[in-house]
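Everything below concerns the one structure shown next.
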Amino acid sequence: MSPNIDTAGLPPGTVVYSGEKKTEKVSFTLIEYSEKEFIEKEFQNFDECLLELKPEMVKWINVDGIHDTELIQKIGERFNIHTLTLEDIANTDQRPKFEEYDNYLVSIMKMLSHDTEIQAEQLAILLLDNNTVLSFQEVHGGDAFDIIRTRLRTGKGRVRKMGADYLAYCLIDAVVDLYFVILEKIGDRIEVLEEELVQDPSKETMRFLHRMKREMIYLRKAVWPMRELINNFERTESKLVKKTTRLFLRDLYDHTIRVIDTVETYRDLLSGMMDVYLSSVSNRMNEIMKVLTIITTIFIPLSFIAGVYGMNFDNLPELHWKYSYYVLWAVMISIALGMVFYFKRRKWL
Amino acid sequence: MSPNIDTAGLPPGTVVYSGEKKTEKVSFTLIEYSEKEFIEKEFQNFDECLLELKPEMVKWINVDGIHDTELIQKIGERFNIHTLTLEDIANTDQRPKFEEYDNYLVSIMKMLSHDTEIQAEQLAILLLDNNTVLSFQEVHGGDAFDIIRTRLRTGKGRVRKMGADYLAYCLIDAVVDLYFVILEKIGDRIEVLEEELVQDPSKETMRFLHRMKREMIYLRKAVWPMRELINNFERTESKLVKKTTRLFLRDLYDHTIRVIDTVETYRDLLSGMMDVYLSSVSNRMNEIMKVLTIITTIFIPLSFIAGVYGMNFDNLPELHWKYSYYVLWAVMISIALGMVFYFKRRKWL
Amino acid sequence: MSPNIDTAGLPPGTVVYSGEKKTEKVSFTLIEYSEKEFIEKEFQNFDECLLELKPEMVKWINVDGIHDTELIQKIGERFNIHTLTLEDIANTDQRPKFEEYDNYLVSIMKMLSHDTEIQAEQLAILLLDNNTVLSFQEVHGGDAFDIIRTRLRTGKGRVRKMGADYLAYCLIDAVVDLYFVILEKIGDRIEVLEEELVQDPSKETMRFLHRMKREMIYLRKAVWPMRELINNFERTESKLVKKTTRLFLRDLYDHTIRVIDTVETYRDLLSGMMDVYLSSVSNRMNEIMKVLTIITTIFIPLSFIAGVYGMNFDNLPELHWKYSYYVLWAVMISIALGMVFYFKRRKWL
Amino acid sequence: MSPNIDTAGLPPGTVVYSGEKKTEKVSFTLIEYSEKEFIEKEFQNFDECLLELKPEMVKWINVDGIHDTELIQKIGERFNIHTLTLEDIANTDQRPKFEEYDNYLVSIMKMLSHDTEIQAEQLAILLLDNNTVLSFQEVHGGDAFDIIRTRLRTGKGRVRKMGADYLAYCLIDAVVDLYFVILEKIGDRIEVLEEELVQDPSKETMRFLHRMKREMIYLRKAVWPMRELINNFERTESKLVKKTTRLFLRDLYDHTIRVIDTVETYRDLLSGMMDVYLSSVSNRMNEIMKVLTIITTIFIPLSFIAGVYGMNFDNLPELHWKYSYYVLWAVMISIALGMVFYFKRRKWL
Amino acid sequence: MSPNIDTAGLPPGTVVYSGEKKTEKVSFTLIEYSEKEFIEKEFQNFDECLLELKPEMVKWINVDGIHDTELIQKIGERFNIHTLTLEDIANTDQRPKFEEYDNYLVSIMKMLSHDTEIQAEQLAILLLDNNTVLSFQEVHGGDAFDIIRTRLRTGKGRVRKMGADYLAYCLIDAVVDLYFVILEKIGDRIEVLEEELVQDPSKETMRFLHRMKREMIYLRKAVWPMRELINNFERTESKLVKKTTRLFLRDLYDHTIRVIDTVETYRDLLSGMMDVYLSSVSNRMNEIMKVLTIITTIFIPLSFIAGVYGMNFDNLPELHWKYSYYVLWAVMISIALGMVFYFKRRKWL
């Protein structure tokens, strides 16, 4: 998660891929639709992809793989995209942001997935003036966008009736929906952890707690800037975003606030759990100390007494009395009981 | 309390109920009133409910149950409500918010109740342009609104003389009043807890403290957005809210600030109590250690001395002196007293 | 200090007294003055009080006792005061605030006193358009206002030369001056506590510290809103406040900032003292442990050696050597000294 | 450092000295200068001082001692200064602030010095419209201002060429420069403390740390408002401040930000050091416990074994075997070595 | 890192070098370029350097060494730079800032390097109206700027085609790129530290953690003001910055936000690690205590029993029974096993 330095020292606007090295071929899907028509094609070659565009339909070109920087530059030239934007698309360490250029709007965000730990993949969505949405993903993020593809294919919902701006909104909405899925998983884990904390906290609990706190730090870093992103998207004065779509963006803004709220709530919960853990460690220490103290304070005086009558003095009168031994036991038992009574009163037993 | 994912992946504006599954029939109450008249009816069927509306009276339609999403859509069509609003009404995980549409204002908030722990139920209040208030509750939240019904029936107070905006204000006011009730209960519990903390803190105290801190986190999440909600309601430029009502909304805003203030105060108090708990655990540890140390340091040297004269050396002159045993007791008692004196001086006894 | 729920569920604008129940008769004092004249009267009856008002003089009506809600309503009608204001006057749980109505300005604040703990009493000051100041107190808050009465009687200072707005300012100024008195008392107590903390912290110190932290929480709650109150008072566009008085209000605003600054400083100090307390508890634990460890590690090996030569083996050659016993003492003393030397080097002694 | 209550209850605008009581005579220095001329005189009497003023020269009247309130009032009348300003000059508990009146600008700030602890002295600087600067100090703060006097006398730098506003700036600049001197001293002390913390932290370290934290609290209280003071001075619309001087004030503003930055950095450092101290106390505890545990767990089992063969049973076969004693030593040494090995593996040794 | 006081007491605008004393000769490099031409020269003498300037080319004069204050004043006179700016250039304790003067823009920032600890060197970049960039460094910061020199020489990228404002941007960009390099190094170290913390935390871990926290404090101090600097640079109304360059500055602003984000994330991570460290210390203490308690509570009762039968009473019947010894062993083993069982149930073993 450390910042990438591959671009340090390069001229600004240099398109450099900063993620893990990959050699797979980049693939394109082109979806074109209007209220009545729907066309979907997959290509291995970008030029091919551009041949068949129909001007009157909404176009969504999805690029899976951003490690082929030459290709990104080619796309950039074709659609007249600023090199700074191209640099941002290829650099996987971007902070989520929304930017407005003369001829297009670009949103860069993190698409999160969560197996054993949270993984972030960069996604760039460009809304171009000629009815076109471009999306760039690191890997094929099928799950999140498949739902939208299905909606487009079947024509259910209003998406086919609306423009490219609504499609861009739908894509971002799908990303934010994924956050909810991840937060629910984390919420479940927090509940399990809390149960564990009350029942039987171990060193593992602590480490798990720490790992979750760290995850929340990264999640927070990905989620907070989304608020500004969507807010700027909603409030942009660009004509690319229609008024009807702005209403949906306002709704999406509320969703983002909810995500942030939940992240903050989880952070608070995890902090509280840390306190509970630490106090339970202290309590356990107290328990251990109590046992030690009770055993020690009962037996040490008794051992001393036994030691006294183990001495070999020629003149030690008690040794020769007939009932000494029995008297001694009585004394020792009294001392022990006295101690026990004292501990009871102090509520240590 | 985790965010709900049932709606993730669905087209925006899809009305999905996200609370616990229910099968009960949704019920409606319709109240119509003017300064002179008052009509109250309960229906099982929405169409029936709409038959008898009188245009010149203020109408309050209360819907108990939001799990019947088809019905909500039907109501939405009838009153020309945006699908995003309908989605918000049915989705029980909404964050409290106020939204302004062309033809109506909508406030979504949490109605809290508190038996053993805080429970939140979603409530949506819509102020429609034709003198109508719509309210949607998860379950029949009789308690809070019964007071307003009684006021409407009897005609006491100014509510019958004023419009639908004042009614909407009254409903929100009833919700905020409930917060005070809950805060008072929590305040009492904090006092009990503080007493316990000073007297005799146990592991249970800690857990209870933690549970209350968690409750405050959730309470805070429900209460903070109310401030913005009411502020926006007061400052809306919509003509649906009259100037006289705005004065009452300003007052309600102050109430909300008071609620938030109290929540924050309780959070501070609970944090302080956590510190006291931890320091009392440390103090108790010190006490235990002191007892252990005192007993050990007194008896261990004595045991050693007894051990010395339990040795079986052929040549151990002291064993054969006549008064050795008595001298030894004198020495041992002096050592013990010396130790006690030392501990007194160190204030350990 | 828990929020009061007596008003929950009542129609807004209902005047309900929310403090402790009282039955004493409410009393009025009327002061009328101009630069040349000064009249002061005490009444048991409000109507009587209003008979003799002289229109050209500044009037200050002070009401001691706000539990008689009927009377407050009567006054409200007489001076044309909004029911929401009347509700605020009688409800002792108000947050300090300044409100502007068409015909009057109202400031509600806490008058603090401090015997064994801080006590807050509500005070409402109304500046009415016809040269009149109304003040409502829970009990007779003589001390704070007597100074102003004396100034009015004697005509010293500029108060007799100025209008009702200056009088209102003087009353609030007297309240803020009281905060300084209380802060000085608390400052003295903090110094004593700090002394105690360095010298000899006990469990009592901790509890006292906690109590003071709690007091600061309540003090803060009362003091912070004063800033906004006075700021709003100074910046109001109402013609009731003259320009010369605004200069004094600006000065009062600075005083309030100073009060808040001091409260925050005290909070910081108390937090720091908590840390010192906790670290001193830890240090004390270390001391105790050191004593235990030193005694134990010196005597346990010695006891073991004595134990060895207390064994009854038939064949244990050392027992029969002539100087064994003396050699043994030499060995034991060497071990003890070795240990002491080791502890010295580790700086435990 | 507690707030002063001597003025509580007095009419606003009453000039009361709130510092320690003093009886020394107040002294005046008058400096008059233009680019070519320079006159410096010391007076014991204010009227005398005013006799010789030359209208075309810049005048700086410095008053050492503010306990003679009558005199302050006299000066106030002479220069037409508002009583609230006079009150602020004499009240040594002022918060640093900048205020603008019709005919003058006033800056009140703290002049800090640092011997064993930080001491604050109040300073008021008034910029009057007729080319005059008035400065009021508690005691003769020679050090800080002597530099400026020297610059005036020698005519070095630009100060003689510029107006009274530049002189006022120079005086404040001298005060801020003093903050840097103090911060450097504190920085040195923090470095020493850090060294100590790593080498050999003692209870004294903790107390010193606490004292420094407290000092930072007071320093912060004095320094933060300076930012606003200078910002307001720079941005005032008053014609008394010329454009060229504003540039210098902007620079001074940067200096103040640097002072605040450093104070905040020191606070962070001290907090971090507190953590280090606490963890080093815990570590030391662990060390002590380890020694105790190692000694105890090695010798207690051995002592037990010795105890067994010290029993006096008639029938205890091992006692009569020839090599029992040697076998026993072998066993005991094995146990001891086993324990040592176990501790090594656990990294306790 | 303490603030420098060498300038305290000097007239404002005095150019004083505040870094370590140096005697090396200051060196100049002059680069002149247009889209077609490129000239690079190194000088030991400033006057020489100015002889050959060509008005139509972009000029970059880089000064390595700022300790020669006379020279800085000479440069200042030549280019008509305000003395306050010259003072800032020479004073190495400046806070990063951007300032706008009538004829030039100045950016002062920290150039960071990181060997064993972070080192900051001051850098001032001036954009002058006649196509000129001046840069002042403490030492020859070749690494960071060499890349830009190479780009200028080879004419790669757009830098040769653009003006002096773009060059100034490039220089600042190179500085921010260095921050990423340092952050990556720190990120690596944090990962190592985290590994260590989970595996085997020692006192060294704590000290290292503390050192890194301190480094983050200083890093933060250098980085935060960069945001404002670049923001002001981007938004300046000066005609020196062209619109195309502003786009690049906006991008640079995003980079700075990313740097700040990462710094804050690291701070959070380090705080979390501190908690983990402290809890692992507590846990280790618990472990040690457990071992002590187990050994003690098993053997102390057994020792007591052995002690009892080591007593020398004449009448102690058990001593004379034939199987006492064997019975006793059975009893002792049972007690030991009972204890072990008890500890197992309590999960201490």
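The first chain written gets the first letter, and so on, giving A, B, C, D and E; residue counts start at 1 in each chain.
Rule of thumb we're sticking to: contacts are C-beta pairs under 8 Å (C-beta built on N, C-alpha and C of every residue); 3 or more make two chains touch, one makes a residue touch a chain.
Since this is a predicted model, take the numbers as computed values, not measurements.
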* Set of chains adjacent to chain A and to chain D -> E
* chain C to chain E: how many Å between their CA centres? -> 42
* Structure fact -> Here the gap between chain A and chain E, centre to centre from mean Cα coordinates and rounded to Å, is 26
* Mind pulling the chain C residues that touch 2 or more other chains? -> 278, 282, 285, 289, 292, 296, 300, 303, 307, 310-312, 316
* Asked: Given which chains touch which, is the overall layout a line, a ring, a star, complete, or other?
  -> ring
* To do: Beginning at chain A, go round the ring through chain B first and name each chain as you reach it.
  => A, B, C, D, E
* Asked: Within the complex, which stretch of chain C touches chain B?
  -> 1-5, 7-14, 82, 84, 87-88, 93-95, 97, 99, 200, 203, 206-207, 210, 213-214, 217-218, 221, 274, 277-278, 281-282, 284-285, 288-289, 291-292, 295-296, 299-300, 302-303, 306-307, 309-312, 316, 318-325, 328
* Structure fact -> Given the complex, residues on chain A that touch chain B span 147, 151, 156-159, 169-170, 173-174, 177-178, 180-181, 183-184, 187-188, 191, 198, 247-248, 250-252, 254, 257-259, 261-262, 265, 268-269, 272, 275-276, 278-280, 282-283, 285-286, 289-290, 292-293, 296-297, 300-301, 303-304, 307-308, 310-317, 347-348
